[in-house]
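After this come two complexes, each holding subunit A, first together with subunit B and then together with subunit C.
Moving on to the complex of A and B:
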């Protein structure tokens, strides 16, 4: 009996198979076209010199100029402050926008979608472009950097906050409504206790990202260590650049470590 | 006193939740509403504090037609009508005392409540009510550290803290095991007798309804198909309400044949 057992016949897959083959062919053609274009433009003589140049630069990177430590340390501190100030602006600003973009907090779907779009719009701005705009409008320096971080981080935080708010237990809200609480009381007693730890956790996570982001902002003059990186690289002062890179790596690692420890305890 | 006069409710999707309900519930009664799920028990209970709004008729709570209430006057009604839920609906991350004192929200100004500036009387009231349900040892525990039965007791304390004249309980024991269910029902019963609070409970367990109710109202398809004191109720009555023979699942079982919950 068991020998006669057969699964029901498979549905005819020919159309699907043909479609997959066509997709694979199209992709192959695109890749071929792209790589053949690139290969034509490569300056092969460059590779010959590459080893030699690396040999000159890399050892000097690993021989950091410790005598510059104080200057570098100050600028890294400034970079951290830029990230901190920017994330703080974003974390606070994102709260009302998070509520605006949360489906379960806004009755009118059109108004709610508008909130979501606003946050998407904010996220489409590249950091460096925004930094250039701020450097022009408020002048070069840390303040421009902080505003940049604030405005770019706020789009992402707003979206994450909105998702947190959408995932809360609305039954608690119902219970508060049923005992006669008004909207603001419901916000403080039913919603905030549910969302604040996660808000904080996301803000910390964003702070980690912002530390890295603010190290490059100086490239366009928005304060922090970036300006020094540009100058050092232009001067081919590889020892100092080595120090900067090592310091950034260490600082980022320490902050990531601490913040992930805190976040684990929060949620 | 609660009076339903020709109350009907049609949901936006066309479902008829309530059909021409006419009933009066007197001060201090312990009423249990029985019926299968979808019979309109929840809709009935939630009409009384306007968590849902009937579409026609009159609903008088202490001689006031509550169907027209809005905003502030609606919130005032809700401070008088406390509600207990199947899933307790506590704030998991908040402490027991904070959950309990949130019963005072309707009586407390917005600013005072935001900054946690409750009067000494309010705090005493919250603590006393926790004592009444034997939860005073867990005052500072987080709500999610408690068992289901304990959470439901906290939610009873929360309701008591709002000084209600009516308590509505929507399937308060449906998520609990038999011994805990009896414990929770006993607390509700005791509060009803001691404070003379009108109590309306939705249940679908026949034996529990018989044990705790003064009066039983049976519902089917949004209509009241039985209304009378417990003494008039027999298994036949339930078969008539449910429109089918009684099954095992309609019974919760008694306290004795289960080991009591470890707490």
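Moving on to the complex of A and C:
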């Protein structure tokens, strides 16, 4: 009996090791490709001028042009409005799509998967692509930006909503069904009370993201402060750029703070 | 026990009860009114007009049709910038992943006990995250001149804030008993991190890294518009020339690239997590 004592056999690691080596090789190839490509393209001459440029730009960035405050503030306000309107469109639009993509609300699995795919498709669209399409079709301006934000945000919101709906307590729904409630009553008295706080909290979270996203839209003429950022930098008006940086950081921080406070109370 | 007041019950029965208390109803109506008011105000402020949009649908689609058929011959000259975009994204994500490791460790309160240190690092991260990518790109372009170097820097800083926040939150939720066990057997801080933290956070770390890479591929579209390299620059040029069919070809190419990259990274993520 005493001789029977053996250590448990060592697990066969060769497969895992081979897999790790393959992963490492692939990564090495990708990195070699990326870094060699990038290093070739970087124009290293900027190192020589760096000291001079830093001396020119940085002090002026820290000396914001307060006299332009009104102009900057107006555009930031427009940015916030774009984000707000867009998020609201998305938050409303995402409700039906959230129900469509929720496993426990749609009986047919094929139909349900279709809904999920639709939301994935929407999420893959980079917002600048949609912004370009909207600027071309409805004309430049904040309205194009709002539509862009609305259509890009609803993919993510729809997915989050669907996850919330999938996690509700179905016993309440069954109890109401057993009592003879119709679909509308079930929706309003069994499902909405369970999901609304989280819907709102996700919409607020998305609003925080959209504030940042809508600063970019100006690049293609879809309104907001992006246009001013590009023009200011092109004119080398570093004092005004400094003001824009400060205002954006402050506004984003305030909005993030308020929204996270509300979200904490909601959930 | 008191007998129920007959009169009162009959009075109550005639009333229809709502599941929501009156106070909640009142609050919700006020919030709803504020939300709607701001919405209409923002519609006015942005000159939005949905009626006009739906009325002029034929104009809208007419404009969109100008973009078709895409000018496929242009794709050849878009391949190089696309490769540049992906290379920028790879390099920037790598730098961000490397820098975020010490940052997230320093800002997680399970590793660093000193409140002052982790609060400082948290505040730095939060400050980084308030900057939109376009602002970072503009700043770096103005500091380093036009080229892909400022683009890489901008994306690195942009993804660093996000990645460090995600990772430090994950590190804060790990099982601290394992760390204590290693500490109590005499492990130093490096050993605690290597044997206690890394095994617990590695799957989510890889998943976040892939996520940031996807984000960077999308964000690098923005870079080109401010002169920081990548596919955005040719889109910008063609938009200014109103060559919409060429723009459409580039957009389709980019979309295909994004879809391929996201599918690959989703496959990888599913195997890791």
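By our rule, the second predicted complex is superposed on the first by the 245 of 267 C-alpha atoms of A that agree within 3 Å, B and C clash if a C-alpha of one lies under 4 Å from a C-alpha of the other, contacts with A are read in each partner's own complex, and residues count from 1 in each chain.
Operating definition for what follows: a contact is a pair of C-beta atoms (placed from the backbone, for glycine too) under 8 Å apart; a residue touches a chain by one contact, two chains touch by 3 or more.
Only a predicted model underlies this, so the values are computations on that prediction, with no experimental measurement involved.
Contacts of A:185 after superposition: subunit B is touched, whereas subunit C is not reached. Once the two complexes are overlaid on the shared chain, A:244 sits against subunit C while remaining clear of subunit B. Of the two partner chains, subunit C is the only one touched by A:53; subunit B is not. When the two complexes are overlaid on their common chain A, residue A:33 makes contact with subunit C while staying clear of subunit B. Using the contact criterion defined above for the overlaid structures, shared-chain residue A:194 touches subunit B, although it does not reach subunit C. Once the two complexes are overlaid on the shared chain, A:176 sits against subunit B while remaining clear of subunit C.
Once the two complexes are laid over each other on the shared chain, residue contacts for A:141 go to subunit C alone; subunit B is not touched. Once chain A of one complex is fitted onto chain A of the other, the partner contacts of A:252 are limited to subunit C, with no touch recorded for subunit B. In the superposition on chain A, the chain among subunit B and subunit C reaching more residues of subunit A is C. Of the residues of subunit A, those at positions 189, 193 touch subunit B in one of the two structures and subunit C in the other.
Those residues of subunit C that touch subunit A in the complex are listed here as 19-20, 35, 38-39, 41-43, 45-49, 53, 60-61, 63-64, 66-67, 83-84, 86-88, 90-91, 94, 126-127, 130-135, 138-139, 141-145, 147-149, 152, 218, 221-222, 225-226, 229, 232, 235-236, 239, 244, 247, 251, 254-255, 258-259, 262. Residues 169, 171-172, 174-182, 184-185, 188-190, 193-194, 197 of subunit A touch subunit B in their complex. Put simply, subunit A touches subunit C in their complex at residues 30-31, 33-35, 37-38, 41-43, 46, 49-50, 53-54, 57-58, 61, 77-78, 80-82, 84-85, 88, 124-126, 128-129, 132-133, 136-138, 141-143, 145-146, 189, 193, 212-213, 215-216, 219-220, 223, 226, 229-230, 233, 236, 238, 241, 244-245, 248-249, 252-253, 256. Across the complex, subunit A is touched by residues 49, 51, 75-79, 81-83, 85, 87, 89-94, 98, 102-103, 105-108, 110, 113-114, 155, 158-159, 162 of subunit B.
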